[in-house]
Amino acid sequence: MIKFENVSVTYPGGVQALKNINLEINEGDFLIIVGLSGAGKSTLLRATNNLVKPTTGEVYVDSRNVTSASKKELKQIRSDIGMIFQTFNLVNRSTVLKNVLTGRLSQVSSLRSIFGLWPKDQKDLAFESLNQVEILEKAYVRASNLSGGQQQRVGIARALSQKPKVMLADEPVASLDPITSRVVMSYLKKINTELGITTIVNLHFLDLAKEFGDRLIGLRDGELVYDGKVTDVSDKDFENIYGRSIKSSDLIGDDE
Amino acid sequence: MKIPKEPLQNKYFKYGITFLIVISSIWSASGLEITLERILDAPRQIGILVGAMFPLDLSEEALDRIIPKVWESLFIAWAGTVIGAFFSFPISFLAANNTSNSSISRIMKQILNAIRAFPELILAFVFLPITGLGPLTGTLAVGVHSIGTLGKLSSEVIEGIDEGPLEAIKASGGSKINELTFGVIPQVIPTITSYWLYRFEINLRASAVLGVVGAGGVGAELINQLRFRDFPRAGTVLITTIILVLTVDTISAAIRKRIIQGKVKKS
Amino acid sequence: MMNNLPKKPLPSALSVIGIPFSILFSFYSFLQIGFNLEDFKTNLQNRFIVTDPLFNPKWSWAIENASQAMVETIQIAILASIVGCFIALPLSFYASRATNKNTYSYFLYKSFLNLVRTIPDLFWAMLFTVAVGLGPFAGVLALIMFSIAIMGKLLSETIDSIDPGPMEAAKATGGTHNQAIFTSALPQVLPNFTAYFLYIFELCIRASVILGLVGAGGVGRIIETQRIFLRFDRISPIVVLILIVVIGIEQFSVWLRRKIL
């Protein structure tokens, strides 16, 4: 489903975020990526939908070359890839519904989206997605009036409304408390198992990774240093990925 | 699946505002007799004027007339800002409710509001019969108006300071004067100084304009050249004014940035 | 122990050069302007030419003759601020790095806005009266440029500081750059736009009074004619009326701002 071929990313300024990554992800996989801050997790995720363009190498999603896609093709590819963010990236002053509808931007004409004239079927899709994350009743509430966990669920709804084949989650629970984090992770897992959406999640809480992951990938300094089943991973492996011993801040723990 | 209804007041508010804007525009346009015809013809007419300005009149005669006036605008703006800064500084302490008592502060604020309300040009009118034609009138007009605006802005800065350092000074036995000198003034100087510079930028434009009523500056030149249909010369006046204003703006903006950022200097 | 005291930092170049320069330049400026204390004192004797009529306002004359012109002034301000601010809206997005990634076009739009800002409103009025003729149309055009200048600067700076996250999210779903701007950048700056608009509207009312001086419509025309005859007794009521209108609008906009936010 997703293939990384010799992908390297060097940012202007010289920082090399990814070093020659080769990776294959199958359809329906639930993949968790761990690694220190700056290890390249975010970059890897963003190379998947070309928000970050690899300096060398190619990324393929569903057999389509993302890296050298034209503008038009890229829009098509991106519409099949949903993404959620650590800081939710919702438009605070807009309603929940409006935010979810931005997931449908690629499917309506520019004019309609600009004036907010969404056809009924698009709105219905948005409502459906909100229903799947169980916050339909908040549709007309301003996004900034929701709690962190609710906002992330809106982010998931936005991604779901795209009817995506792939779901990318960049540290989706980093700003949430343990209980809410588990709720969000459960939604992601549920979507993966029920709808078969290939999911990649960046996490820095190791216990959460073990709790929810199937396959685990470890990045250190831009290199792939671990690739295996979550059930096979040991604390020593984690230490290797992090390049140091595990601290309590690496675990989300339970709610007191 | 229970789909919630959209709250009505959002929709009404949006439509209401749009309606208000459209209606008031149409009312204004028709009241001013601005027809579609005139609007469509305007670009052509503007083009004719611009075309008539080139080639610019860069003769020695023209520049001899114009350049001194441009400098004059600069002097008026600078001197006016100096007057404004000089007088507004003490006044702002009287007007701020944390450095003076509440009744004085209220009175001073009203006085400042009253001064501020009059555009420089109107002030120039009032001063003209008294101080006559020439740059002095312009300077006074700009200066008095600046006292008003700078006074208000400075007093707001003073009101917004951190009281902590003042408390510390009081606690160590300092007098009110000490509080002012070591607590208030260091906190407000950077922002107030940057307001002075910003005022200078604005005053430059005002002083250019005051020439229209004979209060000095390059405005008189422009209006005369336009009246006499000497468009190349008018163009020269415009270009020289633009160059002056751009230069002052750039330098002033850079200095202001430096002043504000200077607080967070690299150690 | 006292030998290890840290060195006192040198005062910044700005203050070393700037402050003496400013003081010298100030003296020079006053010299150039020709400030003469004696003359000034003599001139002050003349103040009664102004102050006597000034404090003797002729209200009935003002209301009779200036009302139509006052309405005209307000209409000029309404039209110019609405048209100017709405033109400035897209321009501001082009003039901000956050929403315009094309360096050339960004530079173009930013320079355009800077250029428009350098020309004082009265100059615009003079130019437009020559181009399209005397009257309020020229005034409207002049104030449109004035509004574009101010809104352009304020709004583009606001856009520079928005949160880029929502725009990234919109693009990640496959949206175009423009769709991202409309759905995710514009809503962020809308409250600022409204506040700036009200501010500019107020400025336009004051400015349109002045524009009449050069024949660009509005009550300034009347003020100018009366000024030449030193009829300050007719000017002062007009000015007071204008002030009342301006203050009224100021109060209205404060109320409106509170309601919106």
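In this document, chain identifiers A, B and C correspond to the written order of the chains, with residue numbering beginning at 1 in each.
Assume a contact is a pair of C-beta atoms (placed from the backbone, for glycine too) under 8 Å apart; a residue touches a chain by one contact, two chains touch by 3 or more.
Computed from a prediction, not measured in an experiment: that's the story for all the values here.
**Q** Would you identify the shape of the chain contact graph, picking one of line, ring, star, complete or other?
**A** Topology of the interface graph: complete, with all chain pairs in contact.
**Q** Out of every possible chain pairing, which has the most C-beta contacts?
**A** Highest contact count among chain pairs: B-C.
**Q** Just curious, how far off is chain C from chain A if you go by their C-alpha centres, in Å?
**A** Going by mean C-alpha positions, chain A sits 46 Å from chain C.
**Q** Return the distance between the CA-based centres of chain B and chain C, expressed in whole Å.
**A** 7
**Q** Two-or-more-chain contact residues of chain B, please, as numbers and ranges.
**A** Nothing qualifies.
**Q** Residues of chain C touching chain B in their complex?
**A** Against chain B, the touching part of chain C is residues 12, 14, 18, 25-26, 28-30, 32-35, 40, 43-44, 46-47, 49-50, 54, 71-72, 74-76, 78-79, 82-83, 114-115, 117-123, 126-128, 130-132, 136-137, 140-141, 206-207, 209-210, 213-214, 217, 223, 227, 230, 232, 235, 239, 243, 246-247.
**Q** Could you pull out which chain A residues touch chain C in their complex?
**A** 49, 51, 74-79, 81-83, 85, 87-94, 98, 101-106, 110, 113-114, 155, 158-159, 162
**Q** Quick check: in the complex, which residue numbers of chain B touch chain C?
**A** Chain B residues touching chain C: 21, 24-25, 27-29, 31-34, 38, 41-42, 45-46, 48-49, 71-72, 74-76, 78-79, 82, 117-119, 121-122, 125-126, 129-132, 134-136, 139, 205-206, 208-209, 212-213, 216, 219, 222-223, 226, 238, 241-242, 245-246, 249, 255, 258-259, 262.
**Q** In the complex of these two chains, what residues of chain B are touching chain A?
**A** 1-7, 10
**Q** Quick one: in the complex, what on chain C touches chain A?
**A** 165-166, 168-176, 178-180, 182-184, 187-188, 190-191
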